[in-house]
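The data blocks that follow each hold one structure.
Two complexes follow with chain A in common, the first pairing it with chain B and the second with chain C.
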Partner chain A sequence: MTWLSSRFTVRVLLALLAFLVLARLPAGMDIGFQFDAALAAVWGFGILSLVLLTGYVGQVSLCQATFAGVGAYAAGMMVSTFHVNYLVAVAVAVVAAFALGVVVGLPALRLSGITLAIVTLGIALVFDRYVFQDAAFAWFTGGSGGWRVDGARMFGFQMDSSKHLLAAYVVLVGLFCLVALLMVNLHESGAGRRFRAIRDSELAASTMGVNLTRYKLLAFGMSAAIAGLGGSFYPLVAGSVSPQPFWLFTSLQLAAIAVLMGVRYVPAAALGGVFMAFVPDVLTRFGHGSFRGQSYDISFDWFQIAVGVLLVIQLILLPDGVWGDLRNRVLHAMAPARSAARAVVKKSVTTA
Partner chain B sequence: MTMLRVRDVTVRFGGIVALDGVSFDINRGEILGLIGPNGAGKTTLFNCISGVIRPDAGAMYFDGRSLKFAPPHERARLGIARTFQNLQLWSSMTVQENLTVPIDALSKRNTFSDALHLPFSSYAERASAERARAILHVLELDQHAKTLAGDLPAGIQRRVEIGRALAGRPQLLLLDEPAAGLDARETRHLAELLHTVRERFHVSMLLVDHDMSLVLPVSDYVYVLDFGKVLAKGVPAAIQNDPKVIAAYLGEESGKQQGQEPAQEPAAVVAMPKKKDEAPLLEVEQLAAGYGHLEVIRDVNLEVRPGEVVACIGANGAGKTTTLRAISGMIHPRSGRVRFNGRDITGSSSEHISREGLVHIPEGRGLFPNLSVEDTLRLVANSIGREPDLPMAYRLFPKLKERRRQAVGTLSGGEQQMVALARAVLARPRLVMVDEMSQGLAPTVVRQLFEIIRMMRDEGIAVLIVEQFVESALEVADRAYVFEHGTIAHSGSAAELRADRKLISGSYLGSAVDGAAVASNGNGHHADPALMEIVSVKLPAKLKRTLEERAEQEGRPTGAVVMELLEKVKRV
Partner chain C sequence: MATFAAYTIIGLSVGGVFALAALGIVLIYRTTGVLNFAHGAMGMFSTFVAWQIFYGIAHPFWPQWLATALAILAGLAFAAVMGLFLDLAVFRWVRTRPPVVKAVITIGILLALQATASLIWKNNQYHLSIYVLPKDWVVSVADVPVGANSIAIIAVALGLAFGLAAYLRYTGFGRSMRAVSDSPTAASLWAVPVGRVSAVSWMLGSLIAAVAGILITPFINFDTTSLTLLIIDALAAALIGGMVSLPLTVLGGFILGLLETYPTIWIQSIGFPRLVALVVILAVLIVRNPRGLTASR
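Then we have the complex of A and B:
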């Protein structure tokens, strides 16, 4: 009874609904778009991790793709080297990412803002150029060829990328909806308030009994674990792991798109994931042809430019992000209707 | 009984000693007032107690437990809570959420059970919400529970800060300037509220404020800090009349005997009448201004005539600086009118105003530390459109000629202030406004600077100064305005105000200076420290303070008085 309070029930139902819709959506698409959909979920986790770290706790990180990469490589290694069930591999990947997140969080105990951003950028660079590419870490990265995980199984199902992409996608989206639900719960709970207190004023938080060391490290760990969870499915989706998707620039892109969509809002992560996976593909597929005799080619590069331009426009017009501002506007427009509805409910309760 | 013991706490920032061996006790149930001029070390002491900074030497004990290695959140759990001078509410959270954070911090809450919304978590959730609402009710904040803290006006935010501090079930409440920005009525309301809070929540308080109309009526006992040392201590009535305290607030000269006012009237009075006839250079009518939600000044009316020196005096936070900023266009006035030289300059840009001949030297002087003296002075060309008359400046400030190749940042504070004044004079202004000219400067330097102000007047430049050293300011000034609670409480010729010392000391130390001249001279140190430690921990507050006072009256160490009493008890 107590934990089925009405708000909580609404949240669970919304998450279920989102899962049912999202899981069905790519069924009719061609294999290319199905791949995009799965990729959208992977990057959705990446942006979700920033919603926790930046949106809730106010910490800056420019190495979220690195966490995802560590998750991907750890999962690939577990499956290829130790031949474990893919679920076990995912669990190991999440733990590995969490541990790395805590380590990256250590400088955040002393630094903040731009200095912290530079430090995390440095970490992303080290992993991108060295750990993911150097022969010394071949045990972890599988060398230049990366890991191939065709034939991996989960829940007793075959889940390799070429024939059963949708199965992996459904699991991924299910997990995404679950983690998103947990994050919304967290936001409204005691721990979430402590996180937000750190965001608004660290000084006040520490003097009001919030252990900064503990909660900052926890935030970095949890954020890295979320990114790593998404990343650990990358081998299933793509069939193999290579350093390219987890390079420095992806981290920057994740940060930019998180801000673009609304870094304080969980649904913005889904929006951002879709944006990040689909738009470049759509551009490369349909972005060439001829118009009034002039041939044109809007290739992938245009995507980078578009993100930059959109970011500038958004910061001016929608400072709380695409999702955040739209949400606020809708809530604002609906405010009279909502209060009227509440009055009706109250009346019916008192008369009953 | 003693709750917090602070012993010989010393804090240094680089070469500056912010706190120098400060010792005091806070007893259970007591409201201890802590006052002192700007830069006396009050906020530093607060930061030490709440663990934000670590003292370089000394010890603190809370309920007998050393606080040496306790981080801030640990101290909060032990029962030390605080508010902040510059509001530190979590502005994007609702008022109720602000209160629940410290409540939750007390219980063992688990992040993962919170995220999973387990029964344990949601039960704790409702318990915290209930307690938060109870506190909001006592503080009359019920209707704001669901408002975002950042959207509230500053006065209410201050009350929310007190509520948030109370939420963590503290035993000791540290209040850092809770009356800042409040007007006289709100301050009275706050004083009542603090008494309610003490009774309802059973807390002791350490109260820091510049506003004596809050500290003196509310506190049971008062410590005065100056230059990082305990200057005086005693019951509020005694503090109000302590010549040392008055001197610390008003400047060195008033350290003389209080009874006999200086008979010789300054010569400045003579110059007064002829200026009355001229049209005022600066006219300010019904000016109101502030920052964000905070209205700092209201109904300010003042005028400056050509070639006149006018002083603005009054306690910190009374609105002097804000008035200058609103006049010179650094902030936009909310209402009212400013006329300069016959033209309406209300809300004009500060650049435009300075071209009109009104120069504002802000607190901190606004200099470029890497520029040489001469380059700084040459920069004036930008605003007057021709080469400035440097020889004239060097004639007025011979010291600057010697240093003209030196970078401004390497000069002493007094010399930097001279550069700022010289730069102002070179712009050929009609009026110069100087904010806190003598802040942080030694008395001899201050005397030189006032000499320069006098010279500026002789050159025909009117000067409006905001000054801490009231006595020196009134010596130079023709007239003065006394600020209280964001508006002008008194005005008059400098001579009148100097004669009426009670009026001025009242605006700093609270009015109603009565005859109970219980001057307290003690400097906080006891002859027998070991015995005093025992006494200070075991005795109730009132008894202890009485003993201390008796010892001071008799000029003996407190330990000796205690020993004598013990002997008496033995004999009985």
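Then we have the complex of A and C:
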């Protein structure tokens, strides 16, 4: 039972604690902020999928919102057309996103870096302008009206309308904490080591016997499945699905915010999700008024401007992202204390 | 046959648009090693500056030709300043970083420029196009009316491609630019002013983006997103040119324009041409694997 080390137990407890705190947090907020909180979890999944794909495996992707959109449309289609339980719809959505991820991963077997960025940008644009909007795919996207998910049920609870928003939120946050825990553990597992070997050098990894085809496709599939899992809850949160939330600029924002927050770190995904969901809403809500007789009106466009400018500054000054650099600084400052503590523990163990 | 001729001419003028947009990408990539995803957004922003002069300030009072000239000058001047600013404020500090990091930085610039333009000029409004040449100048080619603006695009694309190629090949500064594109370190050891080359490249690239944007407005839905998203078609054209050759890039633009236009004879869909562009990108990257991209930068 070596996997049941103290480190693992600490992580499980931390994930449980995070779930308990996060699940209770929006209870006192108004409906708008509850919606933001649920949306933060949806986009949190999107950024988490990039932590896996870019942070662990080193593959660039500019189409994560596309995966989330496929998850959202698949879930919407399952509920509206086949009237299944929402749990089944989520499962189908995750499988659909996984399949698309593997297909997107196929060209990635030959490409990397900026060429992969070009291809995934093209895929995001094709889904944005063609698949999500064209009449030929109305069976999947529900036409211009999109899908409505009235009467959706999960675990025997009603979850469809804004009255039941918190129920959907609790499920979302529970799943987010679970997937985040799995991701942290994946980092040191056998598959995680192979992923990181691919990130550091594909040539070296394949020389050591890592099956590049299998693990790259697996990484794309898993990443798409994580984004799709978040996206599959979007119809519950928003009440319907439309192409707008999953368009190209959302994919670019997801990539930008993931890098900004620290693309190698799981907690940065939660941070990024909150940033992406709350800041535009706070700007539109509180961004207008008057200050010393001068009236001002701050549009939510400022959010995207801030993301772009902050990304440029971060990449020049803090290459490891906001979370990564903060973490490194704290660890660095604590290093003497940590080594002292470790020495004390070691001494007590050897004397005992 | 008449429809075929008509679609060929439409395809060629669309291809001219792609070719113009792609030239700047290739130029900046060759000399600075930055794959500029913000190229469309930069062109878009300069074009809106020109549009502001054309319709906002000069239009009702002054003769048409003067307003047009002023608008183009303002757009180009803004573009040059923006290119210089981006080089000095951003790309000078990341010269030694991996190409992916530089590409992600341009995504940040894309997001900031697009949102700023949407803040100033509003996104969902239908903006009137800028006509560089009068709209009613029409020539008939094979019984198909061709606007003077289409011919201007094709001519400017060809002229810029061969002009820039000649500049890079035959002038001293062009030689410096090619030296930096081969190896910045070796070039600096030979006293090539690497900083000045990079600044000039960014200004030239930004200028080309502005020229493309201003000429393109009559042919696309002129808003803050369409010009920004033109980047995919431009990248496809640039990839056909191998990210190296300027004349081949223009040829790539025309090929892509025709490939995207012919299917619209049978398929009435706004999004379908994007699929064509993606297939072209995949085909070029997987079958040909351009040498410009595999260079060890």
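Assume the second predicted complex is superposed on the first by the 348 of 352 C-alpha atoms of A that agree within 3 Å, B and C clash if a C-alpha of one lies under 4 Å from a C-alpha of the other, contacts with A are read in each partner's own complex, and residues count from 1 in each chain.
Simple rule for what comes next: contacts are C-beta pairs under 8 Å (C-beta built on N, C-alpha and C of every residue); 3 or more make two chains touch, one makes a residue touch a chain.
Computed from a predicted model, the values in this text were never measured in an experiment.
J.: First (chain B), second (chain C), both or neither: which does A:331 touch?
T.: neither
J.: Does chain B (first) or chain C (second) touch A:182, or do both, or does neither?
T.: First partner only.
J.: For A:316, using the defined touch cut-off, is the partner it touches chain B, chain C, both, or neither? Pick first, second, both or neither.
T.: A:316: touches chain C, not chain B.
J.: Check the residue A:200 against both partner chains and state whether it touches chain B (first), chain C (second), both, or neither.
T.: After superposition on chain A, A:200 lies in contact with chain B alone.
J.: For A:130, decide between first (touching chain B), second (touching chain C), both and neither.
T.: second
J.: By the touch definition at the top of the document, which applies to A:307: first (chain B), second (chain C), both, or neither?
T.: second
J.: Tell me which of chain B and chain C touches more residues of chain A.
T.: Touched residues of chain A are more numerous for C.
J.: Does the superposition put A:211 against chain B (first), chain C (second), both, or neither?
T.: Touch partner of A:211: chain B, not chain C.
J.: So which bits of chain A does chain B touch that chain C touches too?
T.: No residue of chain A touches both chain B and chain C.
J.: In the complex, go through chain B and note every residue touching chain A.
T.: It is residues 50-52, 71-73, 75-77, 81-82, 84, 88-93, 97, 100-102, 104-106, 109-111, 114-119, 121-125, 128, 164-165, 168 of chain B that touch chain A.
J.: Would you mind writing out the residues of chain A in touch with chain C in their complex?
T.: Chain A reaches chain C through residues 60, 62, 107, 110-111, 113-115, 117-119, 121-123, 125-126, 129-131, 133-136, 248-249, 252-253, 255-256, 259, 299, 301-305, 307-312, 315-316, 319.
J.: Help me check something: in the complex, which residues belonging to chain C touch chain A?
T.: It comes out as residues 35, 37, 90, 93-94, 97-101, 103-105, 107-116, 118-119, 225, 229, 231-232, 235-236, 239, 269-272, 274-275, 277-278, 281-282, 285-286, 289, 293.
J.: Residues of chain A touching chain B in their complex?
T.: Against chain B, the touching part of chain A is residues 2-3, 5, 8, 182-183, 185-186, 189-194, 196-197, 199-201, 203-212, 218, 222.
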